[in-house]
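If you scroll down you'll find the structure; I have some questions about it.
Order as written gives the chain letters A, B and C; numbering starts at 1 within each chain.
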């Protein structure tokens, strides 16, 4: 099911949460709404879900006008950052909730719940209460609960935001696999660009209530349309007017026509790569990312004079220098 | 260490003199004449009538104030309302009014010379010096408890669970019955316990509007003071003991439903 | 894009039948507001002179003075002992602490008239320890102390529980002695809670009736408090007198409650 958002505005008092936002989410896609806090990404998701109503504009789900439909009638699955587990119900009853509301026969509900608990790897935990689960388990339960009603679209609001780093990366991979299997149109919100790049096939980057750029993760990373996108999608150095990613900073021991003189300040071993901080022309610090072999070959150490050159750089018109 | 022991001793001694010893002694005093007189004064018709009236008032007041309290709590926490601060103050108002004043204001409204006094009397209803007046007085004094207990619980649980239920297809009445109500149930129970205790134990407000006709408008609390003044101490202490037992049960239930973090 | 003003639905809230708000507010009005409105209306009927005369009559003034004095004394006493008891319950540990903690609420659970009878048994004419305080002002204060015991404790307890122990440890590491830590660190943090508990206790003491009427003997000019004064005015059908005193008591309680909510707003700003 496709999702279409057209010219949506949403204000909370004086705060403009969504400023004329339009978006097309193709059926079966996995879209990440990315942006800093307060950028409007969660509000957009909640408008799609019907948990907030747009002040102006329209929302279509699967080609049907849904702008004024209550969430109950949108056939969506929604996963909340803090799980929104029904604390007084067992895990199985949580998952069964949507089916019980739809008055499905008991046997069917039971079978479906078992199937879903298996899918989210919570077999045998159906009789527990949410408080007896770990954070990651609770979020998988919430996902099973959302999937139980076979939603047309699955919406996730910072689904992994409250989990620790290791569990988070497990769940990302797992969500990706789940989506590939089920092919349900999925939109998730995150403020973590790495998470967006790892999971989404399309990233919608938002700032100040507007969509700044959308596209495949690689597009946003390699062809950012503005300084904001460039900075948000990864680490960035500024050399003169040019913006350069650390892995695009070339370090040489000999000058050529395009290099600038610099001095090594620090060499940091980051595990799979080496980070070298240099100061260019005795001023602006620049980070470069090198492979271990490169760093070894160059024999870099603090105080050593070197020459740097951006192998790939971008400039943006109208940015202050 | 020494000061700590001293402070502990001072605190406990204070509590003992003010609270524990007096309450302990009332039981001893009631049974000082043996079981026989206690049983007799429990079962005389007037005592039975007083207990019945006390319970009757509570049975009318508690459900009404409970429904009101839950409704008001939802209005206060989940709805956008103009004048919420004022409404909140109004809900708390009964805590600030002396019980005697409550009774007095009811006389001003429903008494013979009151606003609606003749209206009801002409139609054959007596409010003041009769059960309806005592019910109104009890409603007034026990009005805030349920709302006051449910409001913080409702705030605490937040709206996410309700929103989750909505996205899963639950209509608002289904969400209320299956998600909201179970989540606030202990708050409600606690509020109901407090409302019941106050309804049964109210004295001043009821005293003013009751006229205190023995066997007709005498509740247990009125019986305690009346019989004490009549020098029927056994009857007074027996009624007091009934109330004290209800109070202790209340206290037990309060501790059961209101687990504090400090234990 | 045409921007037609469609009726935009409110975000989904908890369920209430559509009539519920109206019914609830009507209920509140009939049960609470209507009687109080009658009191206000009655108070202006006789004019300012009659009102002033009623509250300034010697017996009324004496009752009011006693009530306010006793309430103030009780509130101050509660500030000290309430804080001490709260401290003991939160920071101390001894066998039976749980029971002591639950007994604190007894005055809330015990009907006032039973509380009065209870105190009368121990400190009245048949006192087993030979201590008879009836017909003295001590009786008024004692009854009020009993009834208001929980307020400061229950208001200070949660604050003390949440109080960051590291603050005290930091002060100690900077060389502050125990009593200095208490005075400079703990007390300022507890003060809003103590004040709010005191105010609640004061408001309750000003209006208390059942326990005082049993214990104090209710002698005009000596042990008759304001609420008992109102009661006897009602009994003798002196409506103007009862009305005037009621208005004064109500105004005092309201002022106190409003100052508590102002205090809460201020201290919550302080915290966040």
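Criterion: a contact is a pair of C-beta atoms (placed from the backbone, for glycine too) under 8 Å apart; a residue touches a chain by one contact, two chains touch by 3 or more.
Quick caveat, the model's predicted, so the values are computed rather than measured.
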Most widely separated chain from subunit C, with each centre as the mean of CA atoms: A
Interface with the most contact pairs, given as the two chains involved: B-C
Centre-to-centre distance between subunit C and subunit B (centres being mean Cα positions), rounded to whole Å: 16
Subunit A and subunit B: spacing of chain centres that average the CA atoms, whole Å: 53
Contacts with two or more other chains, residues of subunit C listed in rising order: 12
Multi-chain contact residues (two or more partners), subunit A: 50-51, 70-72
Subunit B residues counted as touching two or more neighbouring chains: 163, 166, 171
Footprint of subunit C on subunit B - complex, ascending: 3-4, 7-8, 10-12, 14-15, 18-23, 25-26, 29, 64, 68, 71-72, 74-75, 78-79, 81, 87, 89-109, 114-115, 136, 139-140, 143, 162-163, 166, 171-173, 175-176, 180, 194, 197, 200-204, 207-208, 220-222, 224-225, 228, 236-237, 240, 243-244, 247-248, 250-252, 254-255, 260-263
Of all residues in subunit A, those that touch subunit B in their complex: 49-51, 70-74, 76-78, 80, 82, 84-89, 97-98, 101-102, 142, 145-146, 148-149
Subunit C residues within the subunit B interface of the complex: 12-16, 20-21, 23-25, 27-28, 31-36, 38-39, 41-42, 81, 84-85, 87-90, 92, 94, 98, 100-114, 116-123, 128, 142, 145-146, 149, 157, 161, 178, 203-204, 206-210, 213-214, 226-228, 230-231, 234, 239, 242-243, 246, 249-250, 253-254, 256-258, 261
Residue ranges of subunit B touching subunit A (in the complex, touch as defined): 160-161, 163-171, 174, 178-179, 182-183
